[in-house]
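Some notes on the structure that comes next.
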Amino acid sequence: MQKITRDQIVSKAVSLLQDGTVSAVLGWRQGEFCYDVTPSVFNTAEDIEANFVWNDFCGANFSKYLVSKTKNIDGKLLVFLKPCDTYSFNQLLTEHRFNRESVYVVGIPCEGMVDISKVKAVSGEGIVCAESKGAGLSVTTIYDENPKEIPYAEVLSERCLNCKSKKHVAYDELLGDEGEVIDSARFDEVEKLESMTSEERFAFWQGELSRCIRCNACRDVCPACTCEKCVFDNPNSGAESKAPTNSFEEQMFHVIRAFHVAGRCTDCGECSRVCPQNIPLHLLNRKFIKDINSFYGDYQAGAEVGMRAPLVDYDLGDLEACDVFERRDSE
Amino acid sequence: MQVNEYRPLIVAFCCNWCSYAGADLAGNNRLNYPADVKIIRVPCSCRVNPMFILRAFQRGADGVIICGCHPGDCHYTSGNYYTRRRMALLFSMLDYLGIERERTRLEWVSAAEGAKFAATMNDFAETVAALGENKRLEDLRCKK
Amino acid sequence: MHKDNEKMKSEIIRRSGVNPSKCMRCGKCSGTCPAYDEMEYHPHQFVYMVESGDIEPLLSSESLYKCLSCFACVDRCPRGVEPAKLVEAVRLSVIRQQGANHLTANDIPEMLDPDLPQQAIVSAFRKYTK
Amino acid sequence: MQRIGVFVCWCGTNIAGTVDVAAVSEALKSEPGVVFSTNYQYMCSQAGQDIIKDAVKEHNLTGIVVCSCSPRMHEATFRKTAAAAGLNPYMVEIANIREQCSWVHKDMLTGTEKAIILGKAAVAKVNLNTPLTPGESPVTKRALVIGGGIAGIQTALDIADAGFPVDIVEKNPTIGGKMAQLDKTFPTLDCAACILTPKMVDVAQHENIRIFSYSEVEEIGGFVGNFDVKIKKKARFVKEDICTGCGACVEKCPMKKIPNEFNLGMDNRRAVYIPFAQAVPKVATIDPSACNMLKSGKCGICSKVCTAGAIDYKQKDELIEEKYGAIVVATGFNPISMDKFDEFAYNQSRDVITSLEFERLTNAAGPTQGKLLRPSDLEHPHTIVFVQCVGSRCDACAEKGKEYCSKICCMYTAKHAMLVRDKYPDTEVYVFYIDVRTPGKNFDEFYRRAVEEYGVRYIKGMVGKITPEGDKLKVQASDLLADKQLHIDADLVVLAAAIEPDKTARPLATMLTASMDTNDFFTEAHPKLRPVESPTAGVFLSGTCQGPKDIPETVSQASAAAAKVIGLLVKDKLTGNPCIASPNELMCNGCSSCERVCPYGAITYIDKEFPQPDRTVAVRRVAQVNPAVCQGCGACTVACMSGAMDLRGFMSSQIIAEVDAICK
Amino acid sequence: MRRISLYSLDSLFGEISKSMTLYIPASDNAGGAVYTKYEDGVEYLNTLNTVKSPKNFFFPHTEDLMEFKLQGKNIDILDIRQESEDFAVFGVRGCDVKSFDILDRVFLSDPVDSYYATRREHGVIISLACTKPSETCFCTTFGIDPTEPMGDISAWMTESHLYLQPVTEKGKALMSKIEHITEACDDSEVLAQKDKTKNILSKLPLKDLSTDAFGSGKTKELFDSPQWAELSQSCLGCGTCTFVCPTCQCYDIKDFNTGSGVIRYRCWDSCMFSEFTKMAHGNPRLTQTERFRQRFMHKLVYYPENNDGLFSCVGCGRCLSKCPISMNIVKVMKSLGGDKNE
């Protein structure tokens, strides 16, 4: 389904490596199964040609890796960024988290990535093959040798179904055509929650957050969470905690985490992708984004480098805190 | 006053230059408000970290109110503008999680507004008392 | 303000998207209006009368149809009030009250007169098709 | 572990009347860290303070909690007491059990209960207090004034008179600014040059003042008391110290058709020029874009005629580095461009002019030697229309114009109208206004005189359109009070153009890390209480760079700024507030969030080396707080996600401890 | 062997929960399964594995150990344990059952962890044989037979019936309580199902994964392998693998200040966290590579070294499906095991 083929990317990576433009390549490495790909640094053309993958499961956002992977690099690191990844890239640059000169960005178009758990929900366990075929995936399992065809609409991840932009906001070079910012329906779920009663919302979130196992995957994958030391790991912060000991801790962790990335979150959706418990964490981030848009004017974190995030900015005529609800109730 | 009547626990963060002085003025003028309200002095309302607010709820507070200088009057010129954004977003988020929105409040009280301070605290204490104990954002370990 | 006036005012404000309270009463709209002498109520009065809810006299005034919709007042208003849009909104109120005496796009060609300036055709179309 | 002493004050019956003080001191005795607890009638009295001092010595106290009146009353008192007893003054915390307890609660039971809780919170905080020492920094006793208009001149003179050296940086070849271009001044109608030029001479002759004319500020570093400034002195190709200002070079210069900016282009100057007769410094300047010698090496006449030998075609820009203790911004204003106001035909007719151009037209030293002649045909105008509020008071969203009132236009227009009617009584003068705003001493009287004594015709209504037709200007406007359309055939139209901050202000603000509003006016530290200071410590505001002002206001603000500068420069050392932000570099991400919310520009970043777990060294960008500039608001502490930024005296851990104690 | 019709599953659950609390896999409303206390309305979800492993029953995610009460300057120490009631867990797969052996060796060897031991004594495991393993399953690598799931009672589910066979005394005691609603039967259907499952097992992609390169005595060979850096390069340092793992047993003991005292509790910890085993001097494992290596060396070398060659992995496949970057023990074994796994 992806418009750019693996071969195009591989030949681009190999040529940039060979002409000395870059000294290493950050890409996806083939795993055990057809769907498990691991982000990896490639140093040789042979390795790239043999093990580089590009398919419907290459969802990982590479921007955050640049913070650590460019630290001790000689020359430039080549990174392939999908449109949504480029927003995180810009946001990290805005916050001086890595050196732009150490990176060579090749923008690649993305047609949306597949959520393997959605595939399994349809196909069942035992997947041995999942290939792109027409407008869907063709899936074979050990239980059924006849391939089952599943339309993309059923298996694309939530964030891709509500894709906010197919436009790259940062790159040195672009493969394929430039896309557009999309008027997505990504706030619909938030609105649905807002229209519930307070009791219903409380019950909803209790149900969702009670599954949290505090593995910190959401935080550790988040491109906005690049603190040298996270408050939740710091015994002196007053918020340190290793475990979801009770519902308060669960709420505290997720509210503070969302607040810390508010105005900086680009809505890349990695938090929800990696959550082993499928907690819809993007609904917290999107709430902040939606509020920021409606209170302070549309703002897309990472749209440009150097933008002033809404929480480190103000306007004399800003909405009063007490009018927040009046405004929403009248909507 | 009945002995066993439920009384809420209210934490008020007051900025040193306006609201804390407003609270002092309420005292000077002997304007009553419930003893449920306990004030913590901060240099500016922008010193109030959302973590402090959640911490208060965890420890058993039933309501948290932040008071600062009126917009435009901040001793530090812009501190309360940041507070306004931070709290607008935080309160909206807490409401989104199903926490009663009446438990949090942001008020502008100047050093001259002793009466407003007392009235605000009376109103807030009454509102929070009507909600009853804070059950949705509590840490049972701290309620013994 | 009387309830009916209030209602009509809010209706006109909603329809026009104009906020008459932004007006600082400088009168530049009238000063710039090419149809001033034809009008009973002048653009600045339009704004003022809508703002104060005194809309009844406007509805029956010929002024409504004297406005050329040239938008000079819109262009020049220092406060961004856009009086012409208000005039148009009031005009619409009258038209809607009268019922469907609309023009359709198909009616236009036969009314065309080669001497008519293009702008007039467009503005007439805008005026009568609502 | 601290050794804390608790001192509960009765305040006579003020506290003891509603709070059982003995119960409070007893209850606090068992709090962690408390080794001594007592109560006394008046803790702030000498006897009360002695109790504290004795207890510090006897019990080796490391911290003190006083349960008494508001810290706003006696915190300073008890800090001094602690210091006298050998304790760090910042080891004292006050529990406010009077204003916020005994005075507002009537019931002894609840009052006592609350007093105990407030006391516990104070104890919890003191347990985490650390001794704080205010930072000190030296003060360079020299001031820099940026801008040499009346604001800069006045500020510089006042500072210099107080005995401190002052440098004025002026981008033009002469100081004097806009006021030097004016004819008469309202409301007294004395001539601008007569009152300004003596001041300019004072400046030139003052032993404490240096003038860097034809110069610009290139770079500003440092902070209050210690600014490092680089000033670029542009090459004027004339040796300033040798030139006598005789004007021989000007007279002989063959390049005669250079638009004269001092007269707003209404006449011409030479390639070598002195802007006006009373210029300070009175030296010639060669315009490199017009001089043949500099462009092509062919000419050199001025050099030949200069008997002093002051001409130097090889002169280069010069960079001056200087240290300053304080910086005053006096960058002034300009009328806005009229290009977007097509309806007023400014670009179509030379007879539509701005008010500043009108000043030059009526000035005896102006292009017409003070005779009011219209630019197009140098005829005497018989009908003059003045249009007020051109580009002022516009909608914030409008593409042209400014949202604010320019403040000075009503008065100078009245002045212009009056002067015309005075000199040329046969002239018809119309003033189209929206509102006439004349607050100020003798201002409204002045305006009334224009109407009543001089017969100026004030018409309420904005001019809609001006159309040049033949040698006339057709002015179309609506007389709102008469409700009729006016069509006036005018000979001259004068537009009261809005004023805006000078274009150099924005880059300067960036260099100073001083804040500006959306209109590019400098923001003051407090709109009411600190109107002449910028939020950036050591930076002061003088004149119209802060907002539209007339001359008297500008001069008073200039003197006020000078007073503030003098107050700073008389200090040998600056003692900071010790309750300031301080970053934990190990946790700092260098993300710039704190820098963005700091109203004082106190935060900067450095690249620093840190040893890594794998024994390599990594360079990281980390925040630094300048203790002389930080005021301790704490905005940065919340903007900091990692919690690397904390506020001394109000540390997160201390506030959390208070929260915990209150909620126990 | 006894059996009960699947139509009567609820009555079986009802009967068990009369005498003890019963936990069964149920939907977590997010596409996964979670052990849920059985009561009216809780529906059994026939799933391969729960997201969180059943180790939670014996070694809970968080557990209060004791409490210190503060009165002025006095401190009282209180034992606040509550676990004294019997409970049963239904539907535990063979891999997870095996994980209890691995945990037992840690917690029940001297000194015995009394918190764990008490829970272990009170818990009855009703296992369930696998019929539809996933591509991520590799329990056979560790000698586990998923068709013979063991526990206190082994169970098999066919299309019509649930078959039960007690294994331990505890199992027999529970069987006697449900004897009246079950019927005696032979094991022919169970055997048929086992054959069918084994046929599937032989088709699993990871069926040939070998442990030959690992185990006791391999420390020197593997510790300094350059491959650790490569394998760990994209590891996020989150605790997902550890927290879904049935055999990870590391914990941290922390104090929570309640304001009026302190609750001492323990909670799962992860060797992948940068704060893990942080001591006064700092952290012995400074980089993510070292932390990553620790996790797999522990499972594949150190643990077997101390426990008669038993590996600390049961091949349940949870980490394979949950790791955000798809790095896991299988990739580690294949990479370090070299040719043996190719």
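Chains here go by letter, A, B, C, D and E, matching the order in which they are written, and residues are numbered from 1 within each.
By our rule, contacts are C-beta pairs under 8 Å (C-beta built on N, C-alpha and C of every residue); 3 or more make two chains touch, one makes a residue touch a chain.
Quick caveat, the model's predicted, so the values are computed rather than measured.
Between chain B and chain E, the least number of touching-chain steps is 1. By count of C-beta pairs in contact, C-D exceeds the other of the chain pairs A-D and C-D. Chain centres were defined as the mean of their Cα atoms; on that basis the chain farthest from chain B turns out to be C.
When every chain is reduced to the mean of its CA atoms, the largest separation from chain D belongs to E. Averaging Cα coordinates per chain places chain C and chain D 46 Å apart. Here the CA centre of chain C is 76 Å from the CA centre of chain E. A straight line joining the Cα centres of chain A and chain B is 37 Å long. Per-chain CA centroids place chain A at a distance of 30 Å from chain E.
Within chain D, contacts with two or more other chains are made by residues 597, 639, 652, 656, 660, 663-664.
Within chain A, contacts with two or more other chains are made by residues 231, 237-238, 245, 311-313.
Of all residues in chain B, those that touch two or more other chains are 50-51, 55, 59-60, 72, 78, 82, 86, 141-142.
Shown are all chain pairs that touch, namely A-B, A-D, A-E, B-D, B-E, C-D, D-E.
Taken in their complex, chain C has these residues touching chain D: 22, 24-33, 36-37, 42, 44-45, 72, 76-81. Across the complex, chain E meets chain D through its residues 72-73, 257, 259-260, 283, 286-287. For chain E in complex with chain A, the residues that touch the partner chain are 28-32, 34, 48, 51-52, 61-62, 132-136, 200, 203-206, 230, 233-234, 236-240, 242-244, 252, 254, 256, 265, 267-270, 273-275, 320-322, 324-328, 330-331, 334.
Chain D contributes residues 343, 389, 391, 393-395, 397-398, 401, 434, 460-465, 476-478, 480, 483, 485 to its touches with chain C in the complex. Across the interface of their complex, chain A is touched by residues 50-51, 54-55, 57-58, 71-72, 78, 81-82, 84-101, 105-106, 136-141 of chain B.
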